[in-house]
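Letters A, B, C, D, E and F mark the chains as written, and numbering starts fresh at 1 in each.
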């Protein structure tokens, strides 16, 4: 008895301090030493680990003045045990384009958050926001005021435009076919009101990837996925291809054979690409970045409709505009987006994402409403069923209806 | 006026006597000279060509005594103009396995049909029947009696087992992995009653193909498609492969590169196949029939559910039993089929094909009802949506339900 | 469409001999129709089936599926064809004065 | 859940301050709720919105979508936030005594 | 008329046992074939393990043939094949013989009768088709007529083997699709384009619940008009499938001004290389223009020719399109892509392009 | 507390303009990068057209980090990178520097702080994940805990580049799937397995019509019990998606005995070679076994190892399975194939195998 060491109050979580991967438990614990919210979070989490259910209550509706989104309200179901997380709201801070920061900027956020919140963050949330994890209602306004004074604003939550996000793009990547950072910033600014004040049927997400590698997974999780592509021929530096070959790359089997369009050939000296068949898959460019580059006539493909499974199964975005120049002031894009929002606002049901609405009314109808031409690029294949809603027919008398 | 040649009464159809492909109009016309039914058919058809609609009335329900199927009733909507096709019923005669005939047998049918019908036939109908086109109700019994006396019986129509059909199989094809002719004959005989007397919710079609080339298109149009396959290694005669290569076949590009399983390789001397990856697609065997043959351990894959688009879109059959030995008395197959029919009879709605029923109740439920094990061969891919109907769960007390 | 004399009244029938207006049906008509369908005389069993069909039709506005009909009347299919040699759809439904079954032929 | 004094009566509210039992709502309660939502005094326009919400809820058992709410009340969204600085969902619905909006946050 | 009653009335005997119809060489080598070769277009030789040979001569047929033609075929079979013949799953005739020296005389005799020999290997064989105005009550077009007009134009492809791969054409005259139209390299499909009319006597002819249930899109609702039970059709929801008419004679759709033909491409049935595929919409509508349907014939020919020129060896039409992509298919064939091409039925979402894999 | 009011309250300013955060070398070469190379695991060099070089050092992060850790990162950035850094779309930290000589010291400093460098190229990078029991109200499992346990086991794959291709793992703690779980090489998904309970005060907390409409399978119906409006759930039709709970707090699903984890495989997002693909079900259920979820860890590890051994270079997990076929995937991994694997939702028919393309 005398030798008994002090028993940890979080024996289960302690197990997750072990192992080589950096430990989120350590992160919480370190904060717990000085921050009561972090301390009670640790306690409540240990309880969840013990009984295998969450101890957060349903919902929570809090916010800052004049905004309808940006804060996720959260209350403990055991406030008696864990009074410091009785309130534990999350604030979503709109990250800068491409998640580029300076240490100075980050420190400013840290200072505010240490003072008013749990000191815990997610760098970042899946949508892209800088997520501040856990504060109480009375701190929301102070935090907001302080952060805005440093140039930060809230991100989206609820039925709003969600915080747009983008890949490193031209800042740090040679593949970028348009300026993802600029477009992201521009759209975010342009549509501020829609980001903060719910007026959509449901959430709307933009994600911008500079090329078909899609490093922000836009095709999987953005209502509008803007993916850089090119129109003309892949730029080839034959000498550099030969270098790769000399250095052991098997151009035939690693490049040509894996080209999904089967449009490449290699005679040991020259790499030939039948560009008119090229699928813009990026594989050859990825594999031989010193030798191959996207073409020079660049822009983006606009895809629409990705979402998670609720309500009727997950969707990926699908092609809406095969190619669009992507240059400021982005008028063509913005006009299109506003038309879509109008349509969605008019016909969308409560909690119906644009991808679901398109399925419900039919892509053909949707295009017609947007006055967009149907294009074969939009489909993996044309319809296989013969259930066609022909629209024009002749009247008995021989007159077109 | 004096020079005016006699004007044809079928100027439109006459146009279809021209051209190189044998003309069905000629076929009708030749018969029209001696058969009044054929003559009026010609007249009515010309009328259809003039006003671009059919002149057959809806439906018709006639038959032979004791049978509920085998005859398609048909009445003209202009019996005054075309009295000889006022009745114009079709009789479906069950063809022999593989459509093998002797001239003697065919002549006997011709004689009966010339006497009692239009003298026009379809050799054959899409389901496989020998179709006698056009007679009147009073001739049905005489024709039936005469044909049965020669050994012929009616095929199916209505909510019955439809006339099974099969490819040339072992009779004329080196690829056959089981005896399609025998199985077809056996099933047709075994289930005679179900073929003649409607007792299903809707039609049921069997089609047997001896190998995955599927020369009777079973996967597209049979409720049960029985397709020959093998289990072991493709038999290779390397010498014969070399012969092909010598004679100009590019083994690499025409064979290996087109193998969908990418499991073949050719070193200029030997053709290697990683049989455990082989998809049994038949391509290499088709292309090099002298050198390659299906393996020795043969049987069939049973696929289920093909149908045309009405009601909810066309379906192809999908794998139900990946491999089954296919030998008389076909007990395993027949047991399975009867189980399926029981399930369909019990749960099928009126005019619901088995493929539709499976979609409605779910393949998993269907398999469970049949006591068949789920196998990965059944799917192109496992589910992508997380909407899983888990069946077992624990009760609060910790007891399995 | 033609008119024929069925059970003493002139009744309109279609080419297949189905009566066009179900409301003119009565037992005499049924008997007359039966004789066109190889049923020389209507036994009690015949009536059972025919009445079942009429009741079912009046209730649901459709003809029952054959399996159900056999089950409900307790007449198996073999015997059904003995009773109605032209079959349940063509024979029994016609005698019962139902609209002509459509569809799958 | 806590009880607070709203318009003179002790009323149960949830953590977000939404009243738990819609039936206790009255105009006084509304006024009291308003003061918790940065609405110092209820103008005619405020009442128009709040009553619209209540009517809608009583009729359909759901809160209207925001676009519809603006259209039907003829208050544009900008002005709506001026009237209810905490927003239509948190502010107006709370004052109108509707259940707390759920879902998409 | 002779006495029919005299003959015995048998039932449920099923089809004749097939063995009696097999050529002796087949009987001997049943299941023992070793390989085959295509001797020339329309002529196959199957070689048995013991070296026996069976020749097959394939003759094109319009399928709708009269008894005299069948007898003519029987005559040929008697003369050259000891009376043995068969039909194929695509309605061609196959003469079966063991004597090579008789092959060419047989071919001459067939062609002298006006029928072609061919359809083997990388050719266009017979068009699987249906009844049309010759016998059916629901067609939106004729069957035999279009088939004849198309085959006249594609005749040389039947007689030669110059295509990249087999090319299978099928025709169905309405959406019931009696045939493998939904899985054909090229499919010709009759389509209605007007909602059904509702005839006044509907209540007498049709089971209303069955009719309502027959509509895939739920466009039909039961109503009472002037005290009479009938149905009404929500025309917005109707896509002219004709299933209501199949169930209810009082709802005809056929209409001379609006019925016509659609063209579908890229289906296949065999498992060779690519798994079976559905046909996809190429042309939503072409008019019914009998007797020779020039628009349809040209459309089919155009597709065949573009394919024939561009595809690689062994590439079926659908495999070719999958390689080059739909944008180029529409481009190269000059066919217009419309909103009708974009699926809006049950599985629509699975047909959208969720990638940047396309050509511009 | 200091006076907050003193500070100015601004709204709708949006995020800071990004240019101020760009490293000078980036600013100079913005849009003018020529190529990149992976110097070694975790280190990239991007070379500009003018020859300028930018080095990136990628540090693994648990994502849930405290402000002191951020400050530590800032210290490193200040010391080695002139204060410039970024985060990645998968929540790693990237230090950006132009001086090669500082790369190794930076790496040493990072690792000295207990964080790994890696995640580039053919590796397993950070697991995209969600809140779990740390912050969410609907989870069926925890997020950070499983991620930690799995990454501990896969640590070496983060630090090396020995896989055939990139392998991306994601985790979501409920079917809302906050993340690209539905398109990941390996996805870990929390699942409920009991229908919701219905709490007595439902009528006060929930909009009944919205709740009814929320159910994808129509399992929820409005009912009146003892005069009180509420709902009932047809348990046969419930597949535990939890959407009702999202809409209605009075319908909780979470259940310690039945909640757990499912495993999905073969999704991808990039267009490289194969178009993007959904993840498919591999394992329908594994128990919640905190703190280290050994069943889940082993399942993931097993899949990774079988893949790593068998796939060809550049073949993503899903591409590999597509080549070898699902039967062999289940065979080689030893995972049981059950009826749960066979889709029975909306597009089920499109997932059936309509060919003989399979191995036995």
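A few remarks follow.
One rule holds for everything that comes next: a contact is a pair of C-beta atoms (placed from the backbone, for glycine too) under 8 Å apart; a residue touches a chain by one contact, two chains touch by 3 or more.
Being a predicted model, the structure only gives us computed values, none of them experimental.
Between chain C and chain F, the least number of touching-chain steps is 2.
Judged by shared residue numbers over all numbers used at their interface, chain A and chain B contact each other through mostly the same positions, with over half in common. When you average the Cα atoms of each chain and compare centres, the chain farthest from chain F turns out to be C. Chain pairs B-C and D-F differ in how many C-beta pairs are in contact, and the one with more is B-C.
A rotation of 180 degrees, rounded to a multiple of 5, brings the CA atoms of chain C into register with those of chain D.
The distance from the centre of chain A to the centre of chain F, each centre being the mean of the chain's C-alpha atoms, comes to 12 Å.
Our note on geometry: chain A versus chain D, Cα centroid distance of 33 Å, whole angstroms. Centroids built from CA atoms put chain D at 66 Å from chain B.
Centre-to-centre separation between chain E and chain F, using Cα means, comes to 49 Å.
Across the assembly, chain C contributes 62, 100, 102-103 as residues in contact with two or more other chains.
In chain E, the residues that reach two or more other chains under the touch definition are 175, 177, 182, 210, 216, 241, 246, 249, 255, 271, 275-276, 278, 345-347, 349-350, 354-357.
Contact of a single residue of chain B with at least two other chains is seen at positions 57-59, 66-67, 72, 193, 212, 219, 260, 279-281, 309, 313-314, 316, 350-351, 384-387.
Here, these are the chain pairs in contact: A-B, A-D, A-E, A-F, B-C, B-E, B-F, C-E, D-F, E-F. Residues 309, 313-314, 384-387 of chain A are the ones touching chain B in the complex. Those residues of chain F that touch chain A in the shared complex are 4, 7-18, 20-22, 26, 30-31, 33-37, 46, 54, 56, 60-71, 73-75, 77-78, 83-89, 91, 93, 96, 114-116, 128, 130, 132-139, 142, 144-145, 147-149, 151-152, 155, 158, 175-183, 210, 213-214, 216, 241, 243, 245-246, 249, 252, 254-256, 259, 267, 269-276, 278, 288, 290-292, 313-314, 345-347. Those residues of chain D that touch chain F in the shared complex are 20-22, 60-63, 99-100, 102-103.
Here chain A touches chain E in the complex through residues 212, 219, 227, 229, 231, 260-262, 276-281, 301, 303, 305, 313, 315-319, 322-323, 359, 362-365, 367-368, 374-390, 393-396, 398, going by the rule given at the top. Interface residues of chain B, counted against chain C in their complex, comprise 57-63, 65-69, 72-73, 75, 87, 157-159, 193, 197-199, 201-203, 345, 350-351.
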